[in-house]
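In what comes next, chain A is part of two complexes: it sits with chain B in the first one and with chain C in the second one.
Let's look at the complex of A and B:
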């Protein structure tokens, strides 16, 4: 609010274009829909009102970051210009905002709901909407529609409703999902085929949309933590780390070095865990079942370490605001130090059974190429971005925890194909082990939990902080109005940009390659749908 | 005649299972109409086979699905119990393990999957979300328990349940299968109604 520049909707598109071209703001990091309520007479002059959007922008050239916002006061027909022609990442994100708030983006080529059913009534994230009242559980099957709408602005200021076809009558459309073993959860793709060649993909999300962001608005800050673990359950520590960091930053709490060390080690263990599971699942999807057992065999060892300290195997609930739930177990250091040489000694098996396999190589190399420009435009961070030659690691860009004290390499490949995405993750396992090795012997003494007040109130303002999750940048945006519950929480999903790239990179590939592409993009669906 | 049924699970005595009352009540209900001796013995034989080859549908929406995968892997190895043949098609599955949150958008899809399965079929609700909505109970888009629209046979609580809990739940399902009448029951004690 205080530090966010306001741009009127009429100037938005030109200003954004200027930012993109002159200041080289090529990475749309986060796009958040907002409902600031109706104007009130008692408002201070700069109080934000209306339905609007906050844009977090970053330049990959200069590293400069900026935040702008816009809003429309019309609650009946809120209309904002689209920026999806400037950043491809805005495509899905604006659909999400339309779904949540009913803001119509003029010029957006695909104004459909992203998560909720087509026949959903109302816009759930609006403060005055009661979604449950008008939307009982509907057990009839959802009608799939083949058309979408685009709103165009006529020169005289009126709006024109243009109907666009997603799939034509003559197109051969195959439905994949939501219940399909290779979509990694309940993702649904509608694929238009010409023989075996993919012509177009329409991704349907929302089958595991749990409304976490709306729920957070009625929970106290410590309560919201529990939901982050369940977003991307293979990055549970990191997600929770991001939210804790955001609240700590807002309240000006400095955690002890011990906490920073523990959190960093846990994040890296989680990354190894996630990448091992990535390896196992990718191999299984491509038909290599032996490799699946290898990955899970070693993953269990990490889960044992987690379980001893945190009490949970998959969902740990470990980080808290101002520290961690409990001190590390006396065995923790010993077991981690046993595990790392073990994995180093055994990882050659992975490469022997899968990496060196000619079938695996043929199915991954040159398949689903994502160019560097597209990776940045879509905001596809994490291993996917780094496989396309974009050095996007948050650990290097904005160091947090103790990443500034450790020496590690940012793995970057330039090919951008499925093979590069696979190799990035295999190499990252080795780098994560290096990070842990540097830290594990030096965990400083100190308190594991800062003293906190029983009721946590975050000072008024907007806060954003990000961590490098297992599969990309995981960001948390909080707007607080000084209450004990947040006014708005938005999670920058790591998976949504990855799914939005699927259509672009799969075109021209074979239908069987879609499995390799989906596997190497490595998205987790509950994190996309939230 | 009445067939005494105490389902046997290897290495675990009957008394160590909780909720035996439900099972006994079920046996009583099934036996209310009497049982054919020959068919009763054949029933036992078929149920022995059925209970040791319960094929699950690979159905997972969220976190619990990862633990379900861990069951399939080497340490927990569900092949020991005959559950390892996870089928991707509902036509070939015996039971559906609802692993994860079921949202309003997913509910009709899940119902459809259930309808596509061949009888006899079972539903296991795994994890807090499938049992009652779990941590997302208050959400506008989450079904508070799959028992709102599916007949659930076994509930496995946890968030997510440990693999051991999965097994306990699966053994309870095996016990339930073992006491069933596969050939159906003609109630021989009931008097024919005059038409």
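Let's look at the complex of A and C:
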């Protein structure tokens, strides 16, 4: 907490603009809403209080990272200036903070709830809010609102409500989702159409919101681990790796080399698994059903390997604080070494049936172009960012595990279209196999689990650590007050920035392009809704 | 070659000897109608089973293999299930149009189906402008699809129907032009006559280059006419859930489903008739012994063999290619297929005028 610079709300916008322009902090990595409670007389002078926000910033030019925070002591009407005009990524994130904490961002063009129902009472992440009390199970449907409000500050300090129209009466608005085969989960896009052409998209999240961050606040650290697998279920190992790493960093635990090797191999297997599923689902979205089965056929083999060691196929529950749940299965090395030549030998089929197909190429090339500037501004990391020419791989930026010891290429394409996003992932499968090949024979001996105390308490402070998930940077932010439960846990979603780009890159495209764009952005909804 | 008209004549005579001719013809019409419907349903079951098995083998799967030996009874069970399902009434829909739509689709399909010459003497509808009738009857189907989209009061259905309208009407042009090309070569539009003319060689061989081009264009356009992948945009399940038949249930949906499969067979059947000789066996001029052996194989086997071969081609395409986008589909038709068909038509005229065909 002491290492985070405090900026008063009145100076926030100017200071952020300065950071963005002078220090080239162009990547808003993580934006976390906080409730530090009401001021107390016993507080030390630098104890944070009030409702506030923590901003993690990074410069893609200099690589410098900084963390700042701001807070408002007014609990009735907490108001903070928006930074959504500086970083587009703040748009959805500030809506999330508004949703959970009730902080109103002045100047934000779209102050609606992001996840919860519009008729939700209260702000559930506030420490003094009891969500159960005023929110019984409602039997009526949620009203869809066609307008949104922007709050502006008058010169005399009062607020002006400006009503903005999302969709007009005369517009032809189609719901794509929440139950729709191409949204890969329960995502809802309200799409305004002119014939087949998309005019505007309004993304509605929250249909699979489970309040995981809120739940974490009442669970002990080992218990919170179980929830990470349920965020991005195609990056279960990586998500859990991030949380374990964050807790280990906070407690100053150094895991053995064996654990690092195992975690790295598992992460890469998971990445191949996720990218195979990406290939399969994209092909299915575009109507190539045969290619779909190719991807799933080979993904099964990875799941079998996982099952043998971890016991689970989708929800693995493998990483633990200080190590892994169990040592690798005696067959593990053998099966991984069989699998890699198998996949290398069979991947040409993928390219023959789909990549080389002229229809597939026509459907993807030049569709949904995301510029490098936009990718950074939205914080669209992972394959999406790399397809736009932004080398954003956490494995290279902040190496963890044993990524600093292996030789691999960071795949970067410059086109930024759906085709580039597709090719990045196909190439990453090959790179992941290279990483595994370098590690699989050299897993050192050692303990697979460090000795831990029965009750894990994390020292007071704020901690952030990130891994390269299957579809972008997955970060974990923990604020601990020294208890056995975290004070606040925030997961930097890999999918939320991707979804926030959809409106920008799909305007003017056809409905069929929206499916291709959604498929190549490769978001996973439980990770967005958390 | 066995001529089925002997049997039909015998039945006709037997009936007229028993009752006045008008009544006899009425009874014959009813019997033939029932036969067509039975044949239609039977073929649908065979086609659905075939598609499931073929697509399974393309996708490294086994397909249905639990109900009956090799899953043969599976489709029959599915048909029974479909028949017993409830037909839902929609609120705010145009009841009349909504209920009419599946019948329009299935009637168009029946009418076209009745034109197919299954074997020698087994033509149901056979008159001097048979090809025109066939094209006209097959075009009625699109009205049913548009009505379905409009009547269900669903935005997805409407988009699907609009796509379908744009697509089917466009591709009708290519189908018409490619068949016209063949009409130039054939010199007749009566279907029995068309088949009879191919006794000394199928038209695809007789018309050589332009006939092959017309055949390929016909296959592409025919695939688009039947709304099957890669042209399945009207019911693109990943975009429009199920397109124009999203709101239909039970046997109303079943009609669309049946019509889709049978239309595929009809497209294949017409291709077989016009390009591949219909029920006419494979004859090589000069090799009389060989031709005589070929004649021992009954005509309906030839016809169904050829038609199912083309059906297999269509399935192969469907299970290999991704789906096109609406603008790409219209581009393909208006910028490529139509000009090529027109040039091809001129080429065919020249070849026929200069007697360069076989």
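In the analysis below, the second predicted complex is superposed on the first by the 530 of 530 C-alpha atoms of A that agree within 3 Å, B and C clash if a C-alpha of one lies under 4 Å from a C-alpha of the other, contacts with A are read in each partner's own complex, and residues count from 1 in each chain.
In this text, contacts are C-beta pairs under 8 Å (C-beta built on N, C-alpha and C of every residue); 3 or more make two chains touch, one makes a residue touch a chain.
From a predicted model like this one, the values you see are computed outputs, not experimental measurements.
> Counting only touches as set out at the top, which of chain B and chain C does A:180 meet: first, second, both, neither?
Touch partners of A:180: chain B and chain C.
> Once the structures are superposed on A, label A:131 by its partner contacts, choosing first (chain B), second (chain C), both or neither.
first
> Please tell me which partner, chain B or chain C, touches more residues of chain A.
If we count touched residues of chain A for both partners, the winner is B.
> Of the partners chain B and chain C, which touch A:448 in the superposed model: first, second, both, neither?
neither
> Can A:139 be said to touch chain B (first), chain C (second), both, or neither?
In the superposed model, A:139 contacts chain B only, not chain C.
> Output check: A:226 vs chain B and chain C. Expected answer is one of first, second, both, neither. What do you get?
Only chain B; A:226 stays clear of chain C.
> Looking at A:283 after the superposition, I want to know if it touches chain B, chain C, both of them or none. Which is it: first, second, both, neither?
Only chain C is touched by A:283; chain B is not.
> Please work out whether A:293 is in contact with chain B alone, chain C alone, both, or neither, and reply first, second, both or neither.
both
> Applying the document's definition of touch, where does A:167 land relative to chain B and chain C: first, second, both, or neither?
A:167: touches no partner chain.
> Which residues form the common part of the chain A surface touched by chain B and by chain C?
Common to the two interfaces on chain A: residues 180-181, 292-293, 297.
> Considering only the defined contacts, which chain B positions touch chain A in the complex?
Contacts found on chain B: 58-63, 65-67, 69-70, 73-75, 88, 100-101, 103-109, 111-113, 135-136, 138-143, 148-149, 159-160, 162.
> Could you list, by residue number, the parts of chain A that touch chain C in their complex?
Going through chain A, the ones touching chain C are 172, 174-175, 180-182, 193, 196, 283-294, 297, 353-354, 357, 359-360, 362-363, 510-513, 515.
> For chain A, which residues count as touching chain B in their complex?
115-117, 124, 131-132, 135, 137-142, 178-181, 185-186, 206-212, 214-215, 218, 226-227, 230, 233-234, 277, 280-281, 292-293, 296-297, 299-300, 313-315, 525-526
> Name, in rising order, each residue of chain C that touches chain A in their complex.
For chain C paired with chain A, touching residues are 55, 58-61, 155-156, 159, 163, 229-230, 232-233, 236-241, 319-328.
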